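In what comes next, chain A is part of two complexes: it sits with chain B in the first one and with chain C in the second one.
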Partner chain A sequence: MTTVVCRCEDITEEDIVEAIEKGYDELEKLKRHLRLGMGPCQGKTCLPLARRILGRETGKSVEEMGDPTSRPPSQPVSFSLLASLEESEVDE
Partner chain B sequence: MSEEYDAVIIGGGVNGLGTAYHLGKKGFTDVAVVDKSYLGYGASGRNGGGIRQQWTSEENIKLARESRKMFEDLDEELEEDLEFYQGGYLVLSFDEEEAEEFKENVKLQNRLGVESEFLSPEEAKEIVPELNISDVVAATFNQSDGTIYPFKVIHGYANRVREMGIDVKEHTEVLDIETEGDEIKKVKTDKGEIKTDTVVNAAGGWSSEIAKMAGAEIPNVPVRHEIMVTEPYQRFLEPMVISFSHGIYFSQSEHGNIVGGIGNPDEEPGVNQKGSLWFLKKFSDTLLDFIPRFSGVNMIRQWAGLYDTTPDAQPILGSVPEVERFYQINGFSGHGFMVSPMVDKVTAELILGEEPSIDIERLSVERFEEMDIEEEGGVVG
Partner chain C sequence: MLTFFLIFHNLRKYFYRKPKLENTVLEMSERRIFEHPILDFDRGDEFYFDFEGEKVKAYEGETVASALYADGLRKFTESKKLERPRGFFCAIGKCSSCIMSVDGRPHVRTCVTQAEEGMEVKRHGSKPKFPEVDIGRGKERKEKKIEIAVIGGGPAGLMAAIVSARNGADVHLFDEGDDLGGQLVKQTHQFFGSHEEDAGTRGIEIGKELVEEARDVGVNIHTETKVLGYYEEKKITVEEEGRLTIYDTEGIVYAGGAIENYLSFENNDLPGVYGAGGVQTLMNEEGIVPGDKVLMVGSGNVGVIVSYQLLQAGVDVVEVIEALPEIGGYQVHASKIRRAGVPISTAHTIKKAIGEEKVEGAVVQKIDENWEPVEGTEREVECDVICLAVGLSPDTGFLRQADCEMEYIGELGGYVPLRTEDMMTTRRGIYVAGDAAGIEEATVAALEGKIAGAALFEDLREETEDTRKSKEEAKEGLVPVVLSMRRCADDWGLRPILLNHKKGDLRMSRISILPSSFTKGVNCG
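On to the complex of A and B.
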């Protein structure tokens, strides 16, 4: 039976276990090797699941597994919407 | 814990790992690569993956030309699909004066074996049919340029060097470099001391700090550059599109995502890797001006990385006057990935005392005191 973990990038549990066996044994590495959590949902679904699989396979603590930075935006935003922002709204 | 290696490479990015790979290929494997974070935490894992040979200085053109050839064979060497897609680079000009410079650039590039072409706006539109050419004056194009997936390269190098017996130590932060006179004795890390007499400084945005630890001075300054990525789409954009005057670049990766960034001329130097809303607004405005049809495309993620900048926007390579066997491979000013294969090979040759494949004397740190500086004008982002 195949279990899909990352629906955006079509990554299965087997893909993750295989990557861990190859040495991609932190969430940051799994993310970049498999593009896990790099799709439109930005890891909201798959990263907690991947963390659980990584913990099960390696016995690592949550700290040792790493915690990829949550990048903005929280959901996909079109370029037309971003371009419609006022200058005063985006001042640094 | 005390260890000993023939050489310690500081920085687990493309240039640190690539140098280790070229050392390993020559049988020099008593080497440790150390990184304070995971591999590719710095600019190597934060860049847009552009591989361009259309440069304005002779050194950069030669390094980029040889590197592009090496990238073409790297899939096979690293046994990894690196997603190198040679859809070309389309460089746009929006004023007559710059267009004249483009003509000269193409001449120089052609003379050095890079087959770039000077194009009219209409010819540019043939390559990117969605392009708004109302303000475009001219363009240059080079088909053998392209994009690559940086992480595949980094992980490919790491896997191969580990097989060769080279140690790659992640989450190992260098705290100090101990010297006696002009000789290196030890690298001190948060995980213990490493005895060595040879150190490679491939620390990207942190290179100046590392140099200082060894008592050497390099003029590098880290500057933040921001970048973003969209949802993946079926391919509709062949080349990387860039403009020096707008500071923008964007391409479609082999995976289908549009990846792009735009520079902020007012960016304050310093180590800052946070994304800003200012960037998204600026990038979106400019992108929609270039390709209006992008309006409904969704961006999904933004991040930032550091350009390790030098006064002439050219890298610093080779040894330094203050310390023996302290090799620099840094200061790439935003184009360290695309020249990495050749630069890494040459750095390995220098370490082993061999004749370098390309003369890089002009890229030594001593140029800032002794030689005339020729500034690279082709920086984008």
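On to the complex of A and C.
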């Protein structure tokens, strides 16, 4: 029986409930412990669902759950792009 | 209220038919739609690309994911740890469920990648290899100074770009897709807004008109680009044509739209469980049917409209289920699908999806007034697609990177940025419009865009006759409702969060309305 919450990182509802029981009771903590929302979609799909589960399990309000930090890149990007040089550094 | 709805006279004849509409012709061997009562799929040249050693047919303009789906592929990738089969989900490049290896490059989102002749596409499974080909170093990085960046080319972004560009600003509009128009390009239904010019026009037409207007007024349009992040001093990084460009902007309108909500139930990740927007993209934009029998989860406007669109495309909608005790969407839409013989079951939820490699059915169950499933009411529904129409959440990652203050507002679908009546966030020069500001619909998005574009222009340059009028006109069509009042970190004092409703919207009655003079007074208290 599998109910997936984070499709990118393969995190199930069971994983989240288990983590909450261990004390990871904020979104940022769940993210650091499980990699929730750290895959290629950057939490776009899983965070609203994780928020609902966290609320159900802990009775916390949305404000108490916190909101994980968003950092660039927001989308999948290739290494070659990040490794590109500044224009002035390019040898002709 | 009903006077705002346009009766779909020209579609009436279809209401009384059984779900399979005669006008829709599917080619037997594939899933492409060749004749449709409303849409005309103008396919380009036919060509082939390689998928794991097999030739797959595609038409110019199709994405890799659509061509593969039309060919019958359902499993696009294998999940990373549990190694479960996955299909596409959102079809607009948000969820990353359709990633494959394209020409040796892993992790390519195939739903936003155009198919090309001779392309080599492979599934990379749960552990993709490092690129097998030399993908080079990337072109040199560039930095460009521009005046206004508009992020997102849906109705909100297009309107914002049009207004600021026609007043003389140097405007650059960035969008991920190859077509602009946002979600409008897949709306085959007519809009029934109180807004005179849009009423009675189908979403697809409004989208096209806006794109044309944007080009006419000189908006610099960047399609197939990815806005990667926000950096200090209003700089944004953008990937376009394989190059990283840093745009140094003076002002930004963020109109990045929304993300489809996901739902938890057993096997909810099986290929065949799709977001309603994903189904719309596939069906109305790409001309490909998602399956034969669809179970629709959610009876809000999206759920009932997409159900009707599925019927138009010749797909059987076996049932619509709704967790609430009543139908969420407008009655006119719900009645249409009921007349077509589709049962709508309220106070029902989905318990599980059945299937190993893809959806082969579903188990639905009644729920009581406390949202608890009622034992013994489980029943199986035969279907090959489970379509989730369970709401949207604003896509606000960019705004959070920009440190705009956010607040969770359930009525707006999640975290939304605090903003003024003019749609400016708590960061000077950063504006927001459309679903990213809170889930509403296309008319509201366009009006918000109009306000944001005009206000940003005034901010950077000066008030003109046109900006003043644009703001006035747009605000006339909206009823701002104060949902929250917060003291901001900047020195501007209290700031209300305004929910913009279209005039005449039913839901308005549920929220108390403060006089607009009140909201004006507190903007810069």
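Quick notes on this one:
Here, the second predicted complex is superposed on the first by the 81 of 92 C-alpha atoms of A that agree within 3 Å, B and C clash if a C-alpha of one lies under 4 Å from a C-alpha of the other, contacts with A are read in each partner's own complex, and residues count from 1 in each chain.
Convention: contacts are C-beta pairs under 8 Å (C-beta built on N, C-alpha and C of every residue); 3 or more make two chains touch, one makes a residue touch a chain.
Predicted model, so just to flag it, every value in this text is computed and none were measured.
Counting the residues of chain A that each partner touches, chain B and chain C differ, and the larger count belongs to C. Contact with both chain B and chain C is seen for A:Pro40 once the two complexes are overlaid on the shared chain. By the touch criterion stated above, A:Gly23 is placed in contact with chain B alone, chain C being left untouched.
Looking at the shared chain after the overlay, A:Met1 reaches chain C, while chain B stays out of its contact range.
When the two structures are aligned on the shared chain, A:Arg32 is found in touch with chain B, with no touch to chain C. Shared-chain residue A:Ile53: touches chain C; no touch with chain B. Shared-chain residue A:Pro72: touches chain B and chain C both.
Of the two partner chains placed by the overlay, chain B and chain C both lie in contact with A:Ser80.
For the contact definition in use here, the residues of chain A common to its chain B contact set and its chain C contact set are 39-40, 42, 69, 71-73, 76-78, 80, 82-83, 85, 87, 89-90. By the touch criterion stated above, chain A contacts chain B in their complex at residues 22-24, 26, 28-29, 32-33, 35, 38-40, 42, 66, 69, 71-73, 76-80, 82-83, 85, 87, 89-92. Interface residues of chain C facing chain A in the complex, by the touch rule stated above, are 79-82, 84, 86, 89-90, 93-97, 99, 105, 107, 109, 135-143, 226-231, 237, 239, 242-244, 259-269, 393, 395-398, 400-401, 406, 408, 414-415.
Here chain A touches chain C in the complex through residues 1-5, 7-10, 12-13, 39-49, 52-53, 62-63, 67, 69-78, 80-87, 89-90, going by the rule given at the top. Residues 38-41, 45, 151, 155, 159, 162, 229, 231-232, 255, 275-278, 280-281, 283-285, 287-288, 294-303 of chain B touch chain A in their complex.
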